[in-house]
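Two complexes come next, and they have one chain in common, subunit A, joined by subunit B in the first and subunit C in the second.
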Partner chain A sequence: KMAAATMSPYFGQQMSSKNDLVPAWTSQEVSTGTTIMALEYDGGVVIGADSRTTTGAYIANRVTDKLTPIHDRIFCCRSGSAADTQAIADVVTYQLGFHSIELDEPPLVETAANLFRASCYRYREELTAGILVAGWDRRKGGQVYCVPIGGMLVRQPVSVGGSGSSYIYGFMDSNYKPNMTKDQCLELTAAAVSLAMERDGSSGGVVRLASISKDGVERRVILGNQLPKYSTH
Partner chain B sequence: MDTFCTVYCYAVSRSSPDICSLTRIYYDAGCDDLSFSASNGVVLATEKKQKSILYDEQSVHKVEPITKHIGMVYSGMGPDYRVLVRRARKLAQQYFLVYQEPIPTGQLVQRVASVMQEYTQSGGVRPFGVSLLIAGWDEDQPYLFQSDPSGAYFAWKATAMGKNYVNGKTFLEKRYNNDLELEDAIHTAILTLKESFEGQMTEENIEVGICNEAGFKRLTPAEVKDYLAAIA
Partner chain C sequence: MEKRSVDSRVRGVSTGTTILAATFDGGVVIGSDSRASIGGEYVSSKTINKVVQVHDQIFCCMAGSLADAQAVTKAAKFHLSFHSVQMETPPLVIAAASVLQELCYNNKEELQAGFITAGWDRKKGPQVGAGRGDSHTGSRDTAVQSNSTYWRVAAVLIPCVPLQVYVVPLGGMLVGQPVTIGGSGSTYIYGYVDAKYKPNMSREECLQFATNALALAMGRDNVSGGVAHLVVITETGVEHVVVPGNKLPKFHNE
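Then we have the complex of A and B:
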């Protein structure tokens, strides 16, 4: 039953579960359990995330900001290992910052996405990172690129990620329509993330939203008591 | 400046027999540039004389941004400058990656000057044939530094470099005072440049960069034209 691969994240858990002197959470990685999503609209993108970071069952941070700026009009949504995604985002920020100032132009979202993909694919054995890259550039307007675990890269008009995303695929498939306005996108994102937070134990806290367009970035937070309420009973 | 010549000749004589002619090139190619630190910003100004009217002036720049809040200009060999610009940009990003804060101007200057010094003490290389003027804004203060081929660096309130630096500095000494605002500084910088300018000064053959709390910016030819109109 011991894990064969030394890189398996569960290897550590099996070792210390036999050890009563050390609590289980010391061997569990800090994870942005998460629900993240990003949508394209005509003129920009809307991104959203929950705010829960867990070490095992303990919520290490209940007000996490998983929407990370990479450049003036490019953000990423982080899911997976908190440490891995922070480190990758920092490196990509460096690479994109240098690239952009050499070009003397704002960078393309596709460029940022490819930099993420390059790191995520090269180090795929050591990393656990599911990232959505979203932003606006002059050439193609609002764009969302998905870089899941393993280091694939694909552009999608709508993308969800993180452990909570499984619960809202159906919701997104039935409620997303092409050519929505920015406000419709914001409403949809808030609703979807709330639903996922309700069902996924690793997602919760507040809903963080951001919209990115040529005019800049607008950020907002929806607090617990202001979240849309759903009930099936 | 004369002491630098001697340093080159002794340190690098084996790998570079042409070192003496090199330093001559350094001086000849030195176009005039100058910079000015005002109470609320810094201005860098340089002449950019091209050898032929066929050159596309806007494709190559002397005033270059390093980060959002730091920029620089040079006097000397263009190709050597490009290497340092690239290096400086990388150093700035590296600093941010480690310290999660924009690099303070002094720190960048120290690091760039370090690189320049390295090339005076390593085998098989020659010193950079440029003097840099680095302008930055951090912690609500303007900064202006010069970095020489030896690796020595100095902070300035106002300075001039290049062919006519003696006259330039004299002119600046008369005109500098601590309370000058950025707008006046730009005006004065352009006037100083005009003193040693041969021929007609237009927005196509000078470059101006400014650095204030909003960050570093190279002025567009249109903006330079407005300032030139004011001194006409």
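Then we have the complex of A and C:
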């Protein structure tokens, strides 16, 4: 049973409110309040994420890697509860690996997405997980599947997720065009994630990017001082 | 979601909305959508004009509780006209913003209103300011769920100062900025505005920028919609532009 493994939060809060020596974040669940993104291009996918994990107001990890490999050419972007998403990703990695050995060929992205959806939907009451599944397979090329909180599954050419995503819907709607090249996708992802990091308190750190195609996976990191700058007021 | 609809049934008609104001070279554009809804369940008006004139060249944008916003702008209108008679000169935009700030701050417990003030005065040219009156300070809450950021904000746009807009957010602070956005729909266009706005644009560029921003927000926020009301304020006067729904710019996924 995949229950979120935290101490009863009610008990924790009682302790904190009575005792000023115990900071509030010791009783708050670790969350990847975040900005994640995935786009399809002709021949593969580009995925991106920020790198901040928070426990309440404390940044538990400022260099988190939210782009998790599930198989050779399939990744997932995690948002929501850090524990929940790690647990689900581990389960799906196992299930997919087993399935791929049985099949004796690389698994389909749609299969991985359905495995995520199965877990997220079955345990929807206990979980807080918003996941983007992206990868490349021989049948359909680059694909992005969105599995938001609640356990829906939908394929979209471009998808954003996490708390920071609200701020970049307008930017994405206006800047995304179908049939972009890989470099255009990388640029757009870096720009969008930076904009979201600027506005969302739960997103920050560095921008992690990855591109997945039939030739493999290329990963890169854009550090804080190299991020595109915008005139903010 | 539950709490939101209970709140609005208690508070009555609210304008979940998108409002913005931006300065350009020689003037300021202030605009809003035109939808009034009851908690996102029923659209009570498709054609409401949330851009209110409080003086000849000073405008306000309403966001948040419609009743609160109307009451506050009515009071502000009175104060400003009295003030301008006393001073024997049109009021400054910052004066209008301050009037709103005072009303918002002194009544912050009862009000759910934030204001964007924009306009033009002779001392400082085009300006924008924003203010909000609300009993919840820090209501701009970025929760993990992307659909739960919701400002109860009434915005008043008053024109003033060298290319600055005044913002009086919830609580009654007063801040001057070159561009400002407000309302529930504004969360979706922060990225767009940060990336696209440049100071000292031309009038046409600024108008296109404002129209695009409103269209993008209306496309994602279910409590913003209808037509885009825009007002361009310059030294020479005031011009109203209304862009009907079917003439709004379309984007790739529409």
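Throughout what follows, the second predicted complex is superposed on the first by the 211 of 233 C-alpha atoms of A that agree within 3 Å, B and C clash if a C-alpha of one lies under 4 Å from a C-alpha of the other, contacts with A are read in each partner's own complex, and residues count from 1 in each chain.
In this text, contacts are C-beta pairs under 8 Å (C-beta built on N, C-alpha and C of every residue); 3 or more make two chains touch, one makes a residue touch a chain.
All of these numbers come straight from a predicted model, not from anything done at the bench.
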Requested in this report: Using the overlay on subunit A, decide if subunit B and subunit C clash or can fit next to each other.
Outcome: fit
Query raised in the report: So, does A:A196 touch the first partner subunit B, the second partner subunit C, both, or neither?
Result: second
Requested in this report: Determine, under the contact definition given at the top, whether A:K177 touches first (subunit B), second (subunit C), both, or neither.
Outcome: second
Query raised in the report: Between subunit B (first) and subunit C (second), which does A:G97 come into contact with in this model arrangement: first, second, both, or neither?
Result: first
Query raised in the report: Roughly what angle, nearest 10 degrees, sits at the C-alpha centre of subunit A between those of subunit B and subunit C?
Result: 170
Query - Residue contacts on subunit A - larger count, subunit B or subunit C - result: C
**Report entry** Smallest separation in angstrom, by C-alpha atoms, between subunit B and subunit C in the superposition
**Finding:** 28
Query raised in the report: In their complex, what parts of subunit C are in touch with subunit A?
Result: 142-147, 149, 177-180, 187-199, 212-213, 216-217, 219-220, 251-253
Query raised in the report: subunit C touches which residues of subunit A in the complex?
Result: 31, 33, 79-80, 128, 149, 161-178, 191-192, 195-196, 198-202, 230-233
**Report entry** subunit A contact footprint on subunit B (complex, rising order)
**Finding:** 65-67, 86, 89-90, 93-94, 96-97
Report summary line: subunit B partner, complex, touching residues on subunit A are 90-91, 93-95, 97-98, 101-102, 104
